[in-house]
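Alright, structures below, take your time with them.
One chain, subunit A, appears in both complexes that follow, with subunit B as partner in the first and subunit C in the second.
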Partner chain A sequence: MSEEPVVYTKDLQKIFKDFWRRPRARAVDGINLELHKGEVYGLLGPNGSGKSTTIKVLLGLLHPDGGEVKVLGKPPRDVAVKRKVGYLPEESYLYPYLDAKETLRFYATLFGLEGSMREKRIDELLEMVGLSHTGRRRVGEFSKGMARRIGLAQALINDPDLVILDEPTSGLDPLGTRQVKDIVRALAEKGKTVLLSSHLLADVEDVCERITILYGGKVQASGPIRELLQVANHLQITLKDLDETQRARLLDTLEKELGQRPALEPTRKDLESFFLEVVAQARRESGEGSGTRAEGQLAGFLTESEAEGQE
Partner chain B sequence: MHSIFPIYKLTLRSILRERVALSMLALLALVLLLLPAGLETDGTIQGALRMHIRYSLGFSSFLVAAMTLWVSCASIAGDLSSKRLQMLLTKSVHRAEVWWGKWLAVVTLVSILMLICGGVTYLRIQHMVKTADLTRAEKAEVHSQFITARKPVDADYIDFSDEAEAMAEAQIKAGAVPENFPKEQLVSQMEHYLRVSQNAASAGEFIPYTFQLPHPLVLGSQFQISYEYDGASMGNSTAPGAWHIDLPGKQDVQIFETEENPYGTKVIEVTVDEKLAGASNLTLRFENRSEESGRVFFKTDQGVRLFFGGGSFSLNLFRALLLLCGMLALLAAIGVSAGSVFSLPVACYVSAVVLLMQSFSGTVEEVVAAGAPVADQEESILTHGIKVFQYKVFEGVLVVLKPLQMESPLGRVSKGITVSAGEMSSVFLLRFAPVVLLISGVGIFLFSRREIGAAV
Partner chain C sequence: MKFVKNFFPLARLTCVEIPRQPALLLLSTTLILFIGCLPFLITHNLGEAGKLVRDSALAMMFLGSLLLAVPAACNAVSTEIRRGTAGAILSKPVSRIRFLAAKFTGVSMVMLVFSGMATLAIMMADRAAAIEFNIGWRYLIPLYLAILCAYLLASVINYFTNRPFASTTFWCMAGLILIAFIWTWLMKESPQDGPAVIDHGGHSHVNPFAGEPIPIRWSLIPACALITLAALMIQALALLCALKLGVVASLSVCSGFFLIGLMSDYLLAERATETLWAKILYWILPNWQHFWMADALTAGGQIPWMYVAQASVYALAWTAGILLIAFGFFDRMEVC
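Then we have the complex of A and B:
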């Protein structure tokens, strides 16, 4: 790709030191990353592998001890860069005495958003994350899931070009998880770049095109998710609506031709799809409960084209 | 700089919604209402007024100062420990904006608290004077000496340094002082001796004080002679004396005879007559009219002063409160800077040390002014070394405390002495503003370099 990468790191190093400036832990050790526009990129690894540290360096909260790092073509500490970045930390560190609207209003004002444009964005985002009905309730009283939702909304308030999501689905119910994944996909479709860090591998697999797996601060594997998960010499054939006779004939034919009788198992839904179907059915029958509501449509301002947004 | 205001608003909102301001106000109300009830005065209305301003309001201001440090330290360090700062600093905001937004919010809050305390004290004083069982003359005296704002004029400074130096030399030549006794200290002691002698009068002697007046005296106007006794060595309880007002070439233009207990501060009201009118300088002479051999002493530091005019007490109190607010702004700068560099407990500790040192700066100054410790023959080297070390520490502390030191504005208000607008502006512009800018500069520099969310 000829376009300048949205995130670029080369031999990124971060060493945590003690009080006497002696090296204590090499948290990030020579990480190379290159994220492009419109890409959803997964950063995986067990606890202490260097994911959060890498993200904090990309956000300008921590200073790299070596290597090169650029976000949107500039050093990450540049405030001009921060104007185009949205960040959801692993826990939503919110001001407990503000309500949802006040929270978003505060962050919007930091980005210089004012007046009706700001209020419109706030309403759209609250609608998107299903919190438009929370009224004057303070975020300190929110459940963890609700706090994650408001956290996601604040990460998108500035219509960022790069969205960094640290464990975005942690604490969310399956419905919320699906909404977040839908939002991530929709953001990528609109040309936003998403860097996603998660322990929930299924979520990453669902939305990411490329991933990097970290361990001990080093890159252990990196590349397109489809290539990395491919098992050599294993093939999967999917057929539908076979009756008993057809199945028996298929197995006999394959055994005769290949010299081995293949395993035959019915295709199963994944649990998430099943759960969502059950909840959707229940909702149709008994209406909305308290807490969040199923919205999940991408906020209007995020779907506008660049030219429209500038008007 | 567009982010300062949202951060300012957020910090104020946090203080209000987390009921910090309310608990502060409750504590201050308790102090303002209950402390005067627990303190004993000399029974006079003047004593009660002084107690209200100096102790009740003074203690409240100390409490507000302690609160200032706590709230200012927590404003950034608290957000850091709760990790909210991580979110904040990923937004389009400079760290300097965070610093200034937090500082402004703290200063606003504590200034409002300070002004409320001042307002409550003012109302209590007014009520006290109104309801006190005083004659018309006594009320007039209270208003002319306490519920007022008088401009002081000090006597010309007399330089004793050459005389003290010569006396010290003579002492050394005569072998009257130990060999290793520092000469500077000896000169300082001689100077002090000369100053005390200059402010003392034996029976039949005079003490002269010369004053340069701010403007020529106007016929019919009034001024006050205020003098503070520093004791007397005579046997009887009263000290007969007289104050003579002399003009250049004219002695005893007015004479005021006194027969009083030589203790505390006394005031003589002077009305400018035809002889005094137009004078732009005058000499006051105190005459010790005692028939015994005892001496009368006046305080060496501003012991005898003239007071002019009677400005507005409320405006004077307001100006004193503004000065205190300036002081609080300075403390807030220390707290916010400490909180942006250290963790909350360490920041609180550092700031509390500064506040305590500031509170005891008078003691520190006295220790330093007394001079370096002199080795005693019976003293071990270790003990002497510790004393010298202590002295050096105190010297260093004094360098840090200098900008924080100022004559207590409440003390002046309680004596009915004016805190002038010019003086207030100069303190703000020449002392508070540069020091706040310096502290903010250091704090913002270190805060900008600080890593947020480090794992170790």
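Then we have the complex of A and C:
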């Protein structure tokens, strides 16, 4: 692509040192990344594989020991770059004595947001993550799932161009997970770039276009998710509404043509879809909410056109 | 203007967060209460109770500033780095210098409030110890009541509004001690409290609840202001230590500086004229003697505000130097 990448790393290296500055662990070893506008990119790997370290280098919190890093075309420590970045940390690091609104207000003021625009954004974000009803309850009393939701809201308060989400679905129930995934997809549709780090593979598979798998600080596999998951020499045919006779005839024909009898299995839903259907049905019948009321739709200010959103 | 926009919320949040630590509330209450108890702990000495109370109270304020500044700085910096909130903030458009400057400002505001409370408590304790072999309870009881009421009021506020108990008590205590001080300041002679001298079968003593009020020793204000300046220097040092060390290690380093700074005239003043290393050390180490004016007060002297201004220049220069080192160090530091 001719467009400048939103995130660019070349031969990125990060070595953690001990008190005497001796190398202790090579956390990141020659990682190359290139993320483009509107893309949802997944960073996968087991614990200690270098995902969070890479993210912290991209945020300018850690200094690279080698290679090149650019975020939105500039070094990651540039304060101007951080105006356009939203970050959800692996743990929701929040001030426990503030309530949800105060937390968002604090983060909004760090971006210089003020007045009615700030309050509007806060209300819309709380609505988006389903926490508008928490009132004066302190975030220190929130469940992990609620803390993740408020963490996601603070990551989007500045209407960022690049959203970095570190384990965004950890601690969330399947409903919350689905909502976060819907939000990620919607953000990408609006032209935001999303870098998502997770070890929950199903979540990454659902939302990411391209992924990089890390192990021991090195890239083990990288590319479009469709290509990486494609099983060579295997094809899948999906047919609807076949009766027994039609099935038998199909198998006979295929056996006669191909010289092997193919396996025939009914298509199964995934557990997440089944769970969401059951919950939706239960909600319709009882008419009660589960405590959070979001539907995975973006906050109003995030859907506004770029020109409108400019301050 | 942009600097103020995200500097102020950070400083404000630090100022709000620090008193929420129960340990800081307990420490500040103990220190203020101890200052308030000095008159009756010392009164039956062999005279000079007023001097002893003043000296002990000022020493308590000085030591208390050290004991409070270190955990406050650690809570503002090292705890935030460890907890991850520092990283979360630094991922926003906040430069590291601004972050640290805001933290220092926030800690300074809390320490200033503590110094204010201690100054008022010292002035009340000084009045209570003014009459030899007698305790001026009329100046102490309002102080005790202020502390007690702060706790009760904070409990009620916490019960009805769920506001954090520790910080509410801290701020209530500051307000109520000020009210108690003004109350004792405006106190007039009260004949209804009985005769000025009570006779116990030939043995008479002064009625501490009656008679002309003891004048306030306003000269204690510059003395306390000087200690506040010294506390500012300790805060800067504590903030520098807190970037890398925990509370215990930071307290050890700051205590070391505190002790060496107290003795620097004795240890280095003479040698400084002879050797270069002593001269450099004497120049670098804080000299707390510049801020300790208890002896001047005892001699009946006044502390000129010009002297306070000169000491401020010294304190601010030293603080700025330490903060510059802290900024340089934090700018290169990795925040996990």
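Heads up, the rule we're going with is that the second predicted complex is superposed on the first by the 307 of 311 C-alpha atoms of A that agree within 3 Å, B and C clash if a C-alpha of one lies under 4 Å from a C-alpha of the other, contacts with A are read in each partner's own complex, and residues count from 1 in each chain.
We take it that contacts are C-beta pairs under 8 Å (C-beta built on N, C-alpha and C of every residue); 3 or more make two chains touch, one makes a residue touch a chain.
These figures come from a predicted structure and were not determined experimentally.
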**OP:** After aligning the two structures on subunit A, examine subunit B and subunit C and state clash or fit.
**Re:** clash
**OP:** Figure out whether A:Ala27 sits in contact with subunit B (first) or subunit C (second), or with both, or with neither.
**Re:** first
Original post:
After lining up the shared chain so the two structures overlap, which partner does A:Arg136 touch, if you call subunit B first and subunit C second: first, second, both or neither?
Top reply: second
**OP:** In the overlay, answer first, second, both or neither for which of subunit B and subunit C A:Leu276 touches.
**Re:** neither
Original post:
Counting only touches as set out at the top, which of subunit B and subunit C does A:Asp18 meet: first, second, both, neither?
Top reply: first
**OP:** For A:Leu200, select first, second, both or neither according to whether it touches subunit B, subunit C, the two together, or no partner.
**Re:** neither
Original post:
Which of the two partners, first being subunit B and second being subunit C, lies in contact with A:Ala186: first, second, both, or neither?
Top reply: neither
**OP:** Residue by residue on subunit A, keep only those touching subunit B in one complex and subunit C in the other, then list them.
**Re:** 56, 59-63, 79, 82-83, 85, 87, 89, 91, 93-95, 97, 106-107, 109-112, 158
Original post:
Along subunit C, where are the residues that touch subunit A in the complex?
Top reply: 2, 5-6, 8-10, 13, 16-17, 20, 83-85, 87-95, 162, 164, 167, 332, 334-336
Original post:
Which residues, counting only subunit A, touch subunit C once they are in their complex?
Top reply: 56, 59-63, 79-80, 82-83, 85, 87, 89, 91, 93-95, 97, 106-107, 109-112, 114, 136, 138, 158
Subject >> Residues of subunit A touching subunit B in the complex >> reply: 16-18, 24-25, 27, 52-53, 56, 59-63, 79, 82-83, 85, 87, 89, 91, 93-95, 97-98, 106-107, 109-112, 154, 158
**OP:** Could you please specify the touching residues of subunit B with respect to subunit A in the complex?
**Re:** 2-3, 5-7, 10, 13-14, 17-18, 82-84, 86-94, 451-456
